[in-house]
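The structure follows.
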C-alpha cells in the first residue's frame, strides 16, 4: 500500500544486489536506525535499557549466530549456550591476564576462542547429521558447563565460582551507564548483523544454503561439504561467542556458568525457530518476541488486575513457547520473518490479493 | 463545409534540426551523458546514453555503406522493440536511405510482398526466427542481398552468404568510419527535410498493403507539435513495446523521442512487459484501447479474489473516483468532502493500483487506433491518470486531433493538433491538411492521387462531425456508413464499438446496409465469459462449446439489447437496431485473414466468408450449419464446424430527445 | 514427438564436427551395493564434443553409471580414465573441479533459493574471494559477485528463464525446474555434462525446448554430453553414439542406427513400453 | 574390590533406569522416525500425574488404602498419558508428516517445553512424593566373599527388576501381538504398512501411548527415589547418549547402552573424577557417545545408514 516502486529500475547489478533494493525500505531502515541510535537514548528509561533493550540486542546477536548454523546451513545445535560461555570466559581471561587488554580486542578474541571450540565440535557434522549432531552439540554444552564450574583456572580461581567484570571502556569512553552500554551493544550488533547479511548474500551463504537444501547436489557442483559446514560452525560460533562476551560483560557484569546453561541454548533455538530459520531479520524478531513475552505476561494481567504468580508466569511462558514452536513448525517454518515478508508482499500488491 | 484549424504556426516545426539524423547528433552534443535508451537485458536496464547511441548508429550506418547501401535504398527492419533495431532505422536515415518497417509477427508471404513491393536489398532483422523467414522467401525476393541479424543465437550453422551479424557490421562500420571520418557527416549533411524518412505499410482493410512514405519534415512536425501541446521534456520515460512497424510506435518511440530527447525503454521480452512497465513507471505512455482494456479486466479479475473487506474498500473508493476523480483531474471545482475522500482513496486504492499497473508516474497517456469504451476511459481518468485520445492515420503520422488537458470528452477525439487543418466534406468525411501529410504511397501514384484531393487535403475515409465545442467526433469509416432500407444512417463500426465496450464481447461485426434491420456476429471474450461461466458452475470444453451455450446467448442478448436502447435514443441511428445476432463458432483471427494485423475487422472479407450465416440471419432461420477452415499457430490448417444458433433481440421504438451517455 | 525441427538442425551440422579425442574411458566397471550388483563389467568411452546417450529399461543401472562418473558412487572394480589419466577415488566435489557437471533424475535444486541464486551456486568453484572479503562485501566480493552475475545472466538468457529469475525455485512448474537445474550445471562451464533424464515428465513442447537447449549447449560451447533418456525418439535424434544397459550389463554400443538394429537391444526392449 | 563391585552395581541400577527412558525414545523413533526430545518431559508429566492422583483420589473418593490409591492413580495417570499421546498425534505429528527429522526433533522440543509448563500448571510445581512401597533400606550381598559384603539399594534392585520385566513385556508385545507386529511393520516401511491396511495415525497413538507407559514406569521409579520435581525431566537428557550408543532403532541397544552408560558414569566418576576435579558425570555419557558416533554413527545395534542418490 505504501510502496511506490514505479521508476525504481536498476541499471547496474550493484544496484540490483542491494540489501534493500526498494527505496521506501531503505528509508524505513534509516528511520529505524535513527530511532535506535538517537531517539531511544534520549527518551529511554534505565529500565528499558537494562531489562529490555540490552538483553534483546545481545540475544538477537546470539540468535543471529545460531541462525547462520541452523537456518542457513541446516546444522542443528543445542549447545549455543556453551559457545556463548566459551566467548565470555575466554574474554574474561584475556582481560584479567593481560594488562591493558582493550575491551573490543578481548571481545573479538573471545569470539575467536568460541570459533575454535565451535569448529572442534562441528567436526562430527562431517560424518553425522540431524539428531546425531544434536547430541554432539549437547556434549559441548554439558562439557563446558562442567569445565567452567570445576576447572578453577577458567575463573581465575574465584572462590565463589562467580566472576565479574567492571569498569569497562572503549577508546577511553567508560561503558558504565545504561545508555552507553546500550549504544555500545547496539553498535556491535549492527556491525555484525551487516556482516552476517553480507555473508549470507555472498558465495559462502549460497554454499551454506546449498548444503542445507540438498547436500549431494551441492557436492556435485563442487561445494566442499567440509568447508561449507565448518565455516558455518566457525562464523556461527564467532558471533555467538561475541554475544556471550556482551551478555557476560555488559548485561550481567557478574556471572557464573548457569548463565549459559542448556536453557539458554534452548531459548536461542526457540528464538531462531519463532523468528524464522534462514533470516537475519528473523533473529531480531524472535529475540524480541521471546524477551517481550514474559514481560507482557507479567505486565498485562497486572494491568487487568489479575496478577499472576511468578511460577504461573514461568509455566505459562513454557507452554506458550512450546505451543508456538509446534505451531510455527507446522504452519510457517520460516517464522515471524516469513510472516513479515508476506505482509510486505501484501502491501506491495495492495489492493490485489496476489 | 466545416473547417477547423488550430492556429497554424508553420515556422515552429522548423525551430530545431530538420532531419532525424541531425536531431540525433544534436542530442549527442547537447546531452551526451543522458540516457537515450534502456533495454532490460541480462536482468538489469542496460542504458545507452545519447553519445553511445550516436556512436552505434554511426557504426551501423558506416557498415551499411561499406556493404554498398546507397542513398535512397530501402532497408527492411523487422523485430521486437530492440535498441539496435531503432539504431538501424536511424543509421539508414543517416545515409539518406528509407527504413521500411515490417511487423515481426507477419508470416513469410506477407513479408515477401513487402520486400518485393519496396524493392528491398537490405534487411536488419532481430533473430533466427526472422532470418528463417527471410531465407524462406529469398527466392521470391531476388533483390535481397543482405540480411543482418541482431541476435546471433542459433545462427552458427547458417551458411547463406547473405547473412551477417550486426556485430560484424558494426565492426566493419567502425573501421570504415576510421578510414573515412568525414563520410557519415557528409551523408547527414546531404539530407533534407523533404527526404523520405520512413516507410510504414498500411494494413489496408481492402487490397494489398501500401507503403506510406513520410518525410523527415512530416514526422518532425508531428512530433514537435505534440511535444509543444503536452509540454514534453527530455526527462520523459516511455516504454516501447508496441510493434515498431505501427505508426504509433514510430511517432512516440522514434520521432518524439528523437526530437524531445527523452528516454525510450525496451522490455526484456513479451512475457515481462507488465513487470518491466512496473519497474520503469513511464511518465508518458501510449497504448491502443485493448491494452487498457486488458489491464482493467485483469484488475477486476484479480480484485474478485480479494477478501470482502478489501473489495468493499475498493468499490467504495472506485465510486468516489467515478463521482469526482475526473473533475479533480480536470481542475474543476469539487466539494471539500469529496476531495478528502478522493485523497483517502488515493492513499488506499488509486495510488497502490497505479503502482501495481506501472502508472504511478504517468503525466500524459494517449490511446488511439480504435474507439475506447467510455467506462474504460472514465476508469483511468478517474483514478488520476491523464489518459487522452488522439486521432490520426499512418498517412498523417498519427497526428490529426489531440485532446487538450482539461477538455476531455469521452466520445470525441479532441481538437485539431498544432499545424493541422481539419475539414469535413459534405458526406461527413474528414479531410486534413498540414505538414504531417504523407509524401506519397510508394510507387502508387494512383493511390496517392486518390487519397489527396485537388486542394491538398488528405481524405481520411472516416466520417465524423464537430460538436459545439469544436471537438471532432468520429462515427465510422465513411465508406462503411451506409443507409438502411428506410434511409436512416447505418454506421456499423459505431454499433460494433458500442457492443465491444461490454466486457463479454470481444469482437462484433454488424450488417444492415440496405436492409430493414441490422444483424450482428459476436465473438465472446473467452477470458471474461469463461470466468463468468466458471462462477456459475457451467462446464465447457473450449471456445466453440462455450459460445453455443444458451446461457451465454442470454448474456450476450442483454448486451445487444442495451445497445439497441442506446441506438433508439439517437434519431440518426435508431433505424439500425440489431434484430438478430449469432455468436461465431471461432474467434476472428488475423491468421485467417478476418482481422488486420492491428486487429481491425475486415468487414468485406468476413461478409464473403460467412455469407450463408448472414443470409440465415436475415431470413430468420433458427440455426445454421457452418464449416470453416482455420490456420493454427504452427502453420497447419484444420476445420471447425458447428450448428450456430441465431437469436432475436428486442428492439425499441425511436425516441426523440435526450441521448443516453 | 515431432522431431522435424531437430532433424533440420542436425542437417545443417557440418559432418565430422563431433569427432574428438576420447575424454572419458570407463574400463570394466563393476559396482555393488552390499550383495546387489548394480553394474557388471561395463566398459565404454566418451569422445570430446559428442552427445553420448545411455539407454536401457528401468533399473538397468543408468543412473548408477552417472553416479560412478561423477564420484557419488565408487565402483569396486574397474578403471576410469579421464583425459588420459587414471582417476583415483574421488569425491563429487572433486569431479566438479575437473569440469564434470550434472543434473539429476529427480530434480535436486536448492529449494529455499531463487532461480538466480541456484544458478549462482554453479559458479562457486570460480569464486575466489575469502570469508572476510565477503563479510565486508563492498570491494572484492562485490566485484566478483557482479562479474559472476553477468555470466549467470547469460545462462538465464540462454535458457530463456528471464521472467522467473527472482522466483524461489520451489514455486516453478516442473519443466522450468528442470531447465533451472540445467542452468546451474551450465553455469559451471563444464567440459563434461551429465544429464540424467532431462526430459522426464515433460510435455512435447517442453521436450522440444529442452532438446534445443541440449543441442545448443553441445554446439555453441562444444560441451561433451552424457545423456540418459527414456524417449527413444529424442535419443536417436540427438545422440552421436548410444550405449545400452540392461540389468547392469552392457548389451549394445554404437551409432544410433547400429543400436536400433542390434538384436540384444531389441529383445531387451520387447515388452517394455518404449 | 568390594567398593568396585558396589560402584558397578550402582551403575548397573542407574543404567537400568536410563534404559527405561531410552526405551521410550527407541519405540517412538522406530515407529515414526521422530527423535522424541519430549520423553523426559513425559516422564516428569507422568510422575506428576501419578503422585498427585495418588494424593487426590483418596481425598475425592474418601478411602485410605495406599494400594488402592496407587492402583487407581496408576490407571488414571496411564489414561492421561494415552490422552496425551492422542493429542500429540492429532495436533502435531499428523501435521508434520514427511517433514525432515530435524524439524520433528524441534517439534518435540516444543512439546517438551509445553509439557513442562502444562504439567506444572496442572499438577503444581512443588516437590512431591511417590510412595509405592519401595523398600528404602539397603541390602548387603556377597557377605561371605568380602568383609562387610557389598551394599546395594533394595530400591534399585526392585527398580531393576521392574525395568527388566518391562523390557520383557514390551518384547512380548512386539513379537506376539498383532498390534506389536503392525508397529514393527510401520517401522520397516511406512508405505508398506499403510498398504496392508494399518492406519498410520492409530499406530502412532499406540506407540506414543506405549512410550507414555514406559515414561510412567520410569517416572514412578525415579520419582519414588528422588521425589517428583522439575529436575526429573533433565534426567531424560541422560538417555540421549544411551540411545546413540545403543543405536536408535534397537530395543536391546537401549538396554545395553543404558547399562554401559550407567556403569561407565559411576566408574569414571570414582576413578577418573578426582583427577579432573569431579562432577564429570554430567558430560561423561555425552563425550562417550560423541566418541562413539565418530567411529560408528549407527550405534552398537543400529541399522547402517545408506544415503541413496
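Each chain carries a letter (A, B, C and D) given by its place in the written order, and its residues are counted from 1.
The rule is simple: a contact is a pair of C-beta atoms (placed from the backbone, for glycine too) under 8 Å apart; a residue touches a chain by one contact, two chains touch by 3 or more.
Quantities reported herein were computed from a predicted structural model and do not represent experimental measurements.
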Chain whose average C-alpha position is farthest from chain C's own: D
Result of counting contacting C-beta pairs for A-B and A-C, higher pair: A-C
Chain centre separation in whole Å, for chain D relative to chain B (CA means): 78
CA centroid of chain A to CA centroid of chain C, Å: 41
Cα-centroid distance, chain C relative to chain D, in whole angstrom: 50
Chain centre separation (chain A, chain B; CA means) in Å: 58
Shared-contact residues (touching 2 or more other chains) in chain D: 309
Multi-partner residues of chain B (at least 2 other chains): 43
Residue numbers of chain A (touch at least two other chains): 12-13, 216
List of chain D residues in touch with chain A within their complex: 35, 91-92, 95-96, 99-103, 105-107, 109-118, 120-121, 125, 237, 240-241, 244, 248, 276-280, 282-283, 286-287, 289-290, 293-294, 297, 307, 309
Complex contact set, residues of chain C against chain A: 70, 72, 91-93, 95-97, 101-102, 104, 108-113, 117, 120-125, 127, 129, 131, 134-137, 141-142, 144-146, 149-150, 184-185, 188
Chain C-facing residues of chain A, complex: 12-14, 17, 195-196, 198-199, 201-207, 209-210, 212-214, 216-225, 231, 235, 278
For the chain A and chain D complex, residues of the former touching the latter: 74, 76, 124, 127-128, 130-132, 134-136, 138-139, 142-143, 145-146, 149-152, 216, 262, 266, 269-270, 273, 311-312, 314-326, 329-330, 333
Contacting residues of chain A [partner chain B, same complex]: 1, 3-13, 15-16, 349-354
